[in-house]
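Note that subunit A is present in both complexes that follow, paired respectively with subunit B and with subunit C.
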Partner chain A sequence: MKRWLTAGLMLLLGRRKRTLPAPEDERIVPPGGADLRAENAVILLLLAAAVCAAGFIAAYALGSIPNRTQFLGLALGLSFAFLAVACLVVARRLVVTEELEEEYSPVEHLEEQAAIQEIVTESGSRFTRKRLVKVAAGTAGGALGAALIAPAVSLGPILDTSAFYTTPWRRGRRLVDQGGNPFSAEEIFEKLFYTAFPEGAEREDLGAPIVVVRMEPAQLRLPSERSGWAPEGILAFSKICTHAGCAISLYRAPLFPPAGPKAALVCPCHYSTFDPATGGDVIFGPAGRPLPQLPLTVDENGHLRAAGNFSGPVGPSWWGVRRKDARS
Partner chain B sequence: MIGRTVRFLDQRSGTAPLIRKTLRYLFPDHWSFLLGEVALYAFVILVGTGIYLTFFFEPSTAKTVYHGVYGPLHGVEMTRAYRSAIDMSFKVKAGLLMRQTHHWAADVFVAAIVLHMLRIFFTGAFRKPRDLTYYIGLTMLLLALLEGYVGYSMIDDLLSGMGLAIGYSVALSFPFIGAELAQLIWGAPFPGDPQFWSRMYIGHVLLFPLAIAALLGLHLFLVAARHHTQFRRKRESEWKVVGVPTFPGQTPRSLGLFFSVASVLFLLGGLVQINPVWLWGPYDVSNGTNGAQPDWYLGWLIGALRLVPDFDVTIGSYTLIPNPFWGGALFPLAVFAILYLWPSLERRFTGDQAFHNLLDRPRDAPVRTALGAALFTWVFVVFLAGASDRVFILLGISYDWQIWIYRVLVFVAPAVAFLATKRVCEELKAGELVERRRKQAEAPA
Partner chain C sequence: MRTARVVLPVLLLALALPAVAASSVPPPYGIVDANAPRDTPLRELGFQLYAGNCSTCHGPNGSGFPEAKPGLGSGGILGKAPSLHGVGELSADFYLRTGRMPLGHVGEQPNRGHVFFSDREIRALVTYVGSLGKGPPIPHPHPQRGKIAEGLQLFTQHCAGCHQIAAGGGYLPGAVAPALGQATPTEIAEAVRIGPYVMPRFGPQAISDKELDSIIAYVDYTNHPKDSGGWSLGHVGPIPEGLVTWLLAAAVLVGMCLALGSRLKS
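Coming up: the complex of A and B.
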């Protein structure tokens, strides 16, 4: 037992007999003195890194411990930290820091440049109509390149913007909530904000979600051609901002601070602000186009229904967006 | 043992001369030369943790109803992509550590590249013969931004969905080609074809990292081929490089730096929460949340999108340029264009065609330093504007007012930065001249 302990201690602490170093003037790396304290520190740091790494394995393997992620991060992070410090001690105290100098590589190799040029020109000396060959090669390269790129068109529809104009709304379609229940007009209160979807349609389309608000009919300043679009002062707009496609999810009615002077629909991405009273005009922020309004009617059961399609294309704008109207 | 290994390698590969040269390759010493190394090591950690994450992530928009260990989302319908991100956070041991470390490493990666670029710019390290190295570095920055954006976008949580909507709108806003561009990338109008998820995934785990790795290799090759630049101190000159050899001097330092970066990233990943996607909930086009912020390196883009006043460029009723183009595309493209063009512009205006191995101190080139300060002030003001909603929540300063102030500052601040920086550089140089003259005068006495 005692012999094993001694052997272990020797293994840990003993220093190997030095191999005879080369005479000092023949060495490549200059000599430096031993630094026992630094050496001991490095050994301890490396062992500490090993202990932390073992701690990581333990934290990983244990059945169920609270804050496992924190322990794992701490163990691994500390293990690397100990290694880092060990390396820095080696760098500062245990290897010779030599500052050497050498020439930068030459600026250029004139002879080699000339040789390369010569090889290329001489290799082509049997061609008599070089320009024509170059044009032919260029044509082949261009055509083949185009042929190889052409299949990329399969990635998506091209020269076809019809899908951008299409929305699931049409005259008579009922407004339903998240759970599919129809909205009745009397459920829509002032100063609140409702999200509605077209009944029985795909909800992930940009054209599907709308916001519904109720305002005092006397406050409305809708364009004349939209008279009758807001029965009882209930207005519906596309929920998708015309600036960058986020969902309009803030309703700044005067009830809520920070109170603007009037009610406004606001997008939380870049704070485009739309005025519901005037039919969705932009009053602040970067949107370049009004929020499309959806005409509403109230049916005989008091349920809200669309009375047609939006006042303009839904969602973010593209080249030529204003050319056509939204359609079903 | 060492002798045997070396003999084995040399007899098989004949590379002993190359290895010897590599061991004695010289590294000039200055703390700011380590920034690029930090970026390199963050990339290594990104690849390592990223590979682990691919084992558990499902890039699928197929719908599923959540019944996992995280109570608040019970019964919520979500995509498999989002579900797998939550499961790897809660069910996979060490999964959350790897996910958070990956996210932190991405933030540190881009930060280190940007700081490295600032160092290169303000010391004139981009001059001939290192302009090619600089262009490659810029390209890696561009790829890193896209890579980071795609990475957090494919999780399909509420925040990433809003980010994708914005990215889609910016693509859509390009003049002439916007509608085609957006539909080619997304496969269909937003939220796009399910194939879009495959495209993001292969982009994030293969195409972008491969491109970055290839450019990284080229970048390092060019650095080594031309040797590192250095400041003029004692023995340094345009023709003589002074530095520490790879081995033994530089190796423990570089290893130490690598382990330090790894340590910081894993400590952050384990102890400091980042992007807790389970709190955001799944994305749906009809949902949005207030106070959403992207990762820091896209803050300048959200700022630019917010600053632009409300106009589309139209002729009559025909839309030419939709609004998001200005802030989301033209602004970053302009910043990158200036950075790409800078070395040739500087050559043209100074007439300096020479090779440079010695670095300028920022004050040595007052106009470059001042123009650089103006450019980065410009970007920084826009970056700050991206945080104005947070400032409103924290300090109550009206959002509208802040935007108006930033709209003015965007023009004023770069001009002020230019004049102030130029003045400071010139004063510093004048001060040095006075000092040198006095020393010369005192020397004979």
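Coming up: the complex of A and C.
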């Protein structure tokens, strides 16, 4: 051990100063001696980086030490830090830097420049129908621009919006839960809300998921054309918010309705708030139109079934959402 | 020695004066008769406390007032509160132990607050409210039997929408979902079954007692989560964590640039 240490010390300190061979008067770079202190510092820093990296390996190998993650991070971080400082010292103190300045050259070749100018003016133009060429170029540019803009039509449907009106929900289709079990009306409790899907249909469809809540039938203020849509006060709405298409996942269910905010379906993205009692009207937030309601019936087995399609197009609104009659 | 003999009574008097002043003003909440004998039966004591602290809103027999009754209110409190028939000991225990009741004023959200009653007084009130009608008893959850992983899944499904995934609380229009850090296992179990204020109510069909144990185990875990990184940043999530890391890294990088570069000498 002692011998190793002596050898290391000798390596570190026992080097001879190298002499530079070039004679003094022909030099571009002024003479500068070796910076022994900086060199030593770099070697020590690199060794420290190595020690820290070894520390990382050790902490990794010893699984049972407390705060292991912190030690791992500290060891690796310090190793990188030492490496960085070593590079810094090398760059600042050991790499020879020399600033050289060069003047801009004066303007040259005056005759040649004049000749080029003359060639350009004498050449003139070979276009005889300048305007027609301009129009052709304009047409090409315009058509290309239109082609580039055309995909923006996908941002809001103009030509075909039927996908937003046709949903998996049909008259008589049963409501099932995530496990595929049908919902019966007596399983729907007040102050809770349920997510349901159409039985035997694709669940990933925008129109598939619905939220189901039960309210006191006397509290409902549904539009007159929707009478009978909520048997026993059970209401179903599209689970997709009409603002940005997030899932309605919050239900505000007052314990004591006279003193507190009224029951509401809330979207967690931008807090669009819909009133289930009035058929999904917006009572707060950025949504621009009511939540589409799904008419329900209860069959002879007590299971919940859809009585038709939604009251309006499902999903986020687009610019022409109000142009078409919803129930088509 | 003489100074001490003078100072001490003066000091005692100074300390006693505010107490005397305070006792001369009737406290807004608290026990009706501070000198009630210790051996008063619980239900009897509960009835007295109820009459003095709860009846202006909840009615003389816990029948409740769905509409404000200005004629009945005393001390500026107008009755407008739900009936307590059938809410059981569960609800009374939850609202009293968390200091949610008595409510400051009608219509505000009952929030966790100062508990005005002693433990015996709470037990008395709970007994009295429980005797008003057949209702659920105080639950006894066993979070040690629950599974944290299952709890996380259930919490994500049922609770995180409002209370946030780290149970740090959140907002929805018109209400605040409280942070769950101070909630005891019993209080969590009670809140799930009651659905206080605008929270949904989860019956045993929606969340079984076993699942509730797992949820409580998870909420308990969120109070002392295993922060492997050491610095939790308030458990705000991976995106702010990344931003903080980038901010720190950017500062270091700018520092390195300054250290490495040098100005052109002109």
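Going forward, the second predicted complex is superposed on the first by the 182 of 328 C-alpha atoms of A that agree within 3 Å, B and C clash if a C-alpha of one lies under 4 Å from a C-alpha of the other, contacts with A are read in each partner's own complex, and residues count from 1 in each chain.
Here is the rule we go by: contacts are C-beta pairs under 8 Å (C-beta built on N, C-alpha and C of every residue); 3 or more make two chains touch, one makes a residue touch a chain.
Fair warning: this is a prediction, and the values are worked out from it, not measured in the lab.
Participant: With the two structures laid over each other on chain A, which partner does A:189 touch: subunit B (first), subunit C (second), both, or neither?
Facilitator: second
Participant: When the two structures are overlaid on chain A, which partner does A:264 contact: first (subunit B), second (subunit C), both, or neither?
Facilitator: second
Participant: Contacts for A:285 in the overlay, against subunit B (first) and subunit C (second): which applies, first, second, both or neither?
Facilitator: both
Participant: Pick one for A:70: touches subunit B only (first), subunit C only (second), both, or neither.
Facilitator: both
Participant: Now for A:249: first (subunit B), second (subunit C), both, or neither, which partner does it touch?
Facilitator: A:249: touches subunit B and subunit C.
Participant: Of the two partner chains, subunit B (first) and subunit C (second), which one does A:297 touch, if any: first, second, both, or neither?
Facilitator: A:297 contacts neither subunit B nor subunit C.
Participant: Quick one: name whichever of subunit B and subunit C touches more residues of subunit A.
Facilitator: B
Participant: Per the contact definition in the header, classify A:91: touching subunit B only (first), subunit C only (second), both, or neither.
Facilitator: The answer is both, since A:91 touches subunit B and subunit C.
Participant: By the touch definition at the top of the document, which applies to A:99: first (subunit B), second (subunit C), both, or neither?
Facilitator: both
Participant: Is A:315 touching the first partner subunit B, the second partner subunit C, both, or neither of them?
Facilitator: first
Participant: Which residues of subunit A are in contact with subunit B in one complex and with subunit C in the other?
Facilitator: Correct list for subunit A: 69-70, 73, 84, 88, 91, 99, 249-250, 258, 268, 271, 284-285.
Participant: Under the stated contact criterion, what part of subunit A meets subunit B in this complex?
Facilitator: Those residues of subunit A that touch subunit B are 29, 60, 68-74, 76-81, 83-88, 90-91, 95-105, 107, 152-153, 155-161, 163-164, 195, 197, 203-206, 208-209, 239-240, 243-250, 258, 267-272, 282, 284-289, 315-323.
Participant: Quick check: in the complex, which residue numbers of subunit A touch subunit C?
Facilitator: 67, 69-70, 73, 84, 88, 91-92, 99, 187, 189-193, 249-256, 258-261, 264, 266, 268, 271, 273, 284-285
Participant: So in the complex, the part of subunit C that touches subunit A is made up of which residues?
Facilitator: 66-67, 80-82, 106-107, 109, 161-162, 171-175, 194-203, 205-206, 228-230, 256, 259-260, 264-265
Participant: Can you name the residues of subunit B that touch subunit A in the complex?
Facilitator: These residues of subunit B touch subunit A: 24, 26, 29, 93-94, 96-97, 100-101, 129, 162, 165-166, 168-170, 172-180, 182-191, 193, 199, 225-227, 235, 238-245, 248-249, 252-253, 255-260, 262-271, 284-292, 302, 305-312, 314, 317-324, 327-328, 355, 357, 389, 398-400, 403.
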